[in-house]
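Think of it as A, B and C in the order they're written, each chain with its own count starting at 1.
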Amino acid sequence: MIAFFIKRLAQAVVVMFVISLISFSIQDNLGDPLREMVGQSVSEAERQELRDELGLNDPFLIQYGRFVKNALQGDLGTSYFFKEPALEVILKKLPATLELVFGASLIILFLSVPVGVYSAINPQSLFSKAVMGFSIIGISVPVFLTAIGLIYLFSIELGWMPSFGRGETLEMFWGWESGLFTVDGLAHLVLPCISLASIMLPLFIRLIRAEMMEVLQSEYVKFAWAKGLNPRRIYFLHALKNTMLPVITVGGVQIGTMVAYTILTETVFQWPGMGFLFLEAVNRVDTPLIVAYLIVVGAIFVVTNTIVDLVYGLVNPTVNLAGKK
Amino acid sequence: MTMSIQNKPTPVAPEKAPNAWQRFKETHVWHSFLKDRVAQLSFTIFMGYVLMALFAPMIAPFDPYDATQMDIMNSELPPSWNEDEGDPQFWLGTDAQGRDLWSTILYGTRISLTIGICAVLLQATIGIIIGLIAGYRGGRVDSILMRFADVQLSFSTMMVAIVVLAIFQASFGTALYQDLAMIMLVLVIGIAEWPQYARTIRASVLAEKRKEYVDAARVMGLGQIRIMFRHILPNTLSPILVISTVQVANAIISEASLSFLGLGMPVSQPSLGSLISSGFEYIFSGAWWITVIPGLVLIVLVLVMNLLGDWLRDVLNPKLYKG
Amino acid sequence: MPLLEVKNLDVSFGLRSGEIKALRNINFTLERGERLGLVGESGAGKSVLGFSILNLIAKPGRISAGEIYFEGRNLAELSPEELRSVRGNRISMIFQDPMMTLNPVLTIGQQMIECLQAHRKINKDNARTIAVQKLKQVQIPSPETRIDQYPHELSGGMRQRVVIAIGLLMDPDIIIADEPTTALDVTIQAEIMELMVELCERNNVALILITHDLGVVSQVTQKALVMYAGRVIEQGPTREIINDAQHPYTQGLMNALPQMAIPGQRLNQIRGAMPGLQSIPTGCAFNPRCDYVVEACTKQLPGYTVSGNCQVACHMVADMKKAQQAPEEVSS
């Protein structure tokens, strides 16, 4: 177990190192910090002096070292636009994005498993065929079109659902603004979550169905039948546990994709989350904010991958978490 | 083993036939195509798209890139079947700049398909070469290359594409970026997805390598590169075909998504995605067609490609790399 | 009344291209404590027969005719719930490949206890005690620790012992063993087979042994069924079949045994290969490979001729032996 964490920690360090290098080179090359600070009216000599003072003329490694040192202390620079520490700006938006991902994951989890399992057990049923038909349509519709379609139908035509923003939020611990505990907040969450789930859901249904059908053909499931076990136990313990192994692996990769899709969903719904903020930052060339976003997303990747590996190790006894194969 | 090599001095290269069409008509693929209505319909629609894209300049009544043909007075006209406001000149209506929507969609389809296909060609080239080398050489080369593929795969394509394009846009400035958008999209989507091919090809190569005809070729003293490309590659064609169909569909979705975010094709030279994006602002004011019609065109294109991919997978049933 | 009686059993597979008969007109009986061998090449239908007894044939397959009487009940007509109470309880199965038979994500103990709990009301602790006891019976060292391990922590031979222990859990009347030693190392094969026979003898369990190995059949069983292309072509006491095979196919199998070959010369293989189920020749299915073929063999399905204590499905046997009795019964 300890070995597992050390290994993960090493991986995390490598990932964060790469991200920090990329981030640093962006910060170094995008825009001139002096212009942001002093404007045009300062003479070239004074500029040069200021550069020396700020250490902008130092060798690359020293500058990078300073960047990492500051980053480790949580200082990723000040957003040009908001005039606030970039990390704080991003972290303030983190809850909105996390709640969006959380809602979408719930939808995916609670629909894909039963539907996938059912259509694997009864592949010839009308319902299964309908599911397969819908799922291929679902895969073919880009997230932003689903989102636009939902807004058009439920907000503009029917007027049932709000079309943008988070609605009413409650302040929780540590300044966490949550929309999960007000009716208005939940109503605002519905359409964005469905949109975000829309592309992953059919993918997972198809994956679970395919894996489950394969597992149902396996010798150990046949043996379970020969032992006279209850069908429910065979389907939901013997078969499902083995089905979930590849699904967990794919799920881990898909979490990254989901974070990327939050950018799309948040853009359509003007959801005040990190993704929306990131896109605004790109348009404004707000480098510190871009860097802060990359680092936060990198951290999310590392954490989720670790959790996925941990869960996989718990489900699959043949995996030794210490990493010895 | 040795017996069979002596008996069969010429290795079999099945894809080489003088009358390929004749032989194709005998195949399982063709027979199942004749039976499968969905596959026929999908293929017909897909060919329709390809023709539309190829002949867009001839079909389109207007040139959407020519600013002189646009008249802002014509902006946001609904499709012509709406008799009150529509103009029979523009049967699908016009967009916010007064461009004929039908012409713009034709050109947009052309751009979307071009980017999709070029990106997949790039993916396939990189992936096939790396996959062949990894599978054929094995050992350390193999493990390093596959490790690399794992790392690449663990980053989501969309995420990488958004970040890379965003950084480029921020550092080039929007104007220059728009000129390079098409190349950038092809490069980013093309490079991000090569591991899909590499892993599948590697798996097939490992399977093919054990077969007799490769031994036979090696015993005959053929060079490694020749063995790889002339003997192993033709036998990995069916997984490549299946992946490619689905990958083109995915690439088109990725391109549309990136353009929707403003990181792809500019509005002056719109792909389907940027067209949808430009129409989105007007959806609240009732001008639904600028978004909905290109949206449907995009969905149908991706859908038929996915249906074709599914059908090919069922028919060819290659061993695809999972996960 | 015999313990198990299979009567006129047909099994077919419904494919898009039409129905394919995998088993035709199978008849045999099994007494309590008796050991029966099902012999034939792969594809002859022996495994299908083994699985059809418990109605466990995979999806497009089904029992299309006939009866399977077990203690007077027709297994072919039982409801799924009734069948479940027979499976693993009165009749249990041992599969071919122990590497694939045990669920990789469940411990040995879980896979044993669930079987006990499926068939009787018993709490976990008592079930565990029985499980450990059965593991001891199949000579697994330190069963108390092994029971909490996962299959991948055990060797192939160990796993097959576990599978046998699971088969014995409910003290069944019949064990159906489908090539139980084929996937094992040659050195362990004899050991496992010996263990199985000993346990069956001690507990008075009947055994249906599915195998392609005539040698094993001759050592282990009292009765044998030789199958070819979905049909029983010869059945009777093992000793008679081994010593005096009547059917040309059985003779061929005997001659093909390595023991029968002269050192330094080729094995006496039967020429040709068994036909697929979709292309079974008319008449006797064996006729294209048979050395004694006459015209009748290509036209008419041979009925069963009784010869000694054996039944043989061959036209020539009837001719040669100058049939004392009329063919017992002819199938479709």
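Keep this in mind: contacts are C-beta pairs under 8 Å (C-beta built on N, C-alpha and C of every residue); 3 or more make two chains touch, one makes a residue touch a chain.
The model shown is predicted, which means the values in this text are computed figures rather than measured ones.
Taking A-B and A-C together, the chain pair joined by more C-beta contacts is A-B.
Taking the CA centroid of chain B as reference, the farthest chain centroid is that of C.
Mean C-alpha positions place chain A and chain C at a centre distance of 54 Å.
As a whole-number value, the distance joining the C-alpha centres of chain A and chain B reads 25 Å. On the chain B side of its complex with chain A, the touching residues are 153-159, 162-163, 166-167, 169-171, 249, 253, 256-257, 260-263, 273, 276-277, 280, 283-284, 288, 291-292, 295, 298-299, 302-303, 305-307, 310, 322-323.
Considering their complex, residues 54, 56, 58, 80, 83-89, 92-93, 95-97, 100-107, 114-115, 118-119, 150, 152, 163, 166 of chain C touch chain A. Only residues 217-231, 233, 237-238, 241-242, 245, 315-318 of chain A touch chain C when the two sit together in their complex.
Chain contact summary for the complex, chain A toward chain B: residues 26, 29-30, 136-137, 139-145, 148-149, 151-152, 156, 246, 249-250, 253-254, 256-257, 259-261, 263-264, 267-268, 278-279, 282-283, 285, 287, 290, 294, 297, 301, 305.
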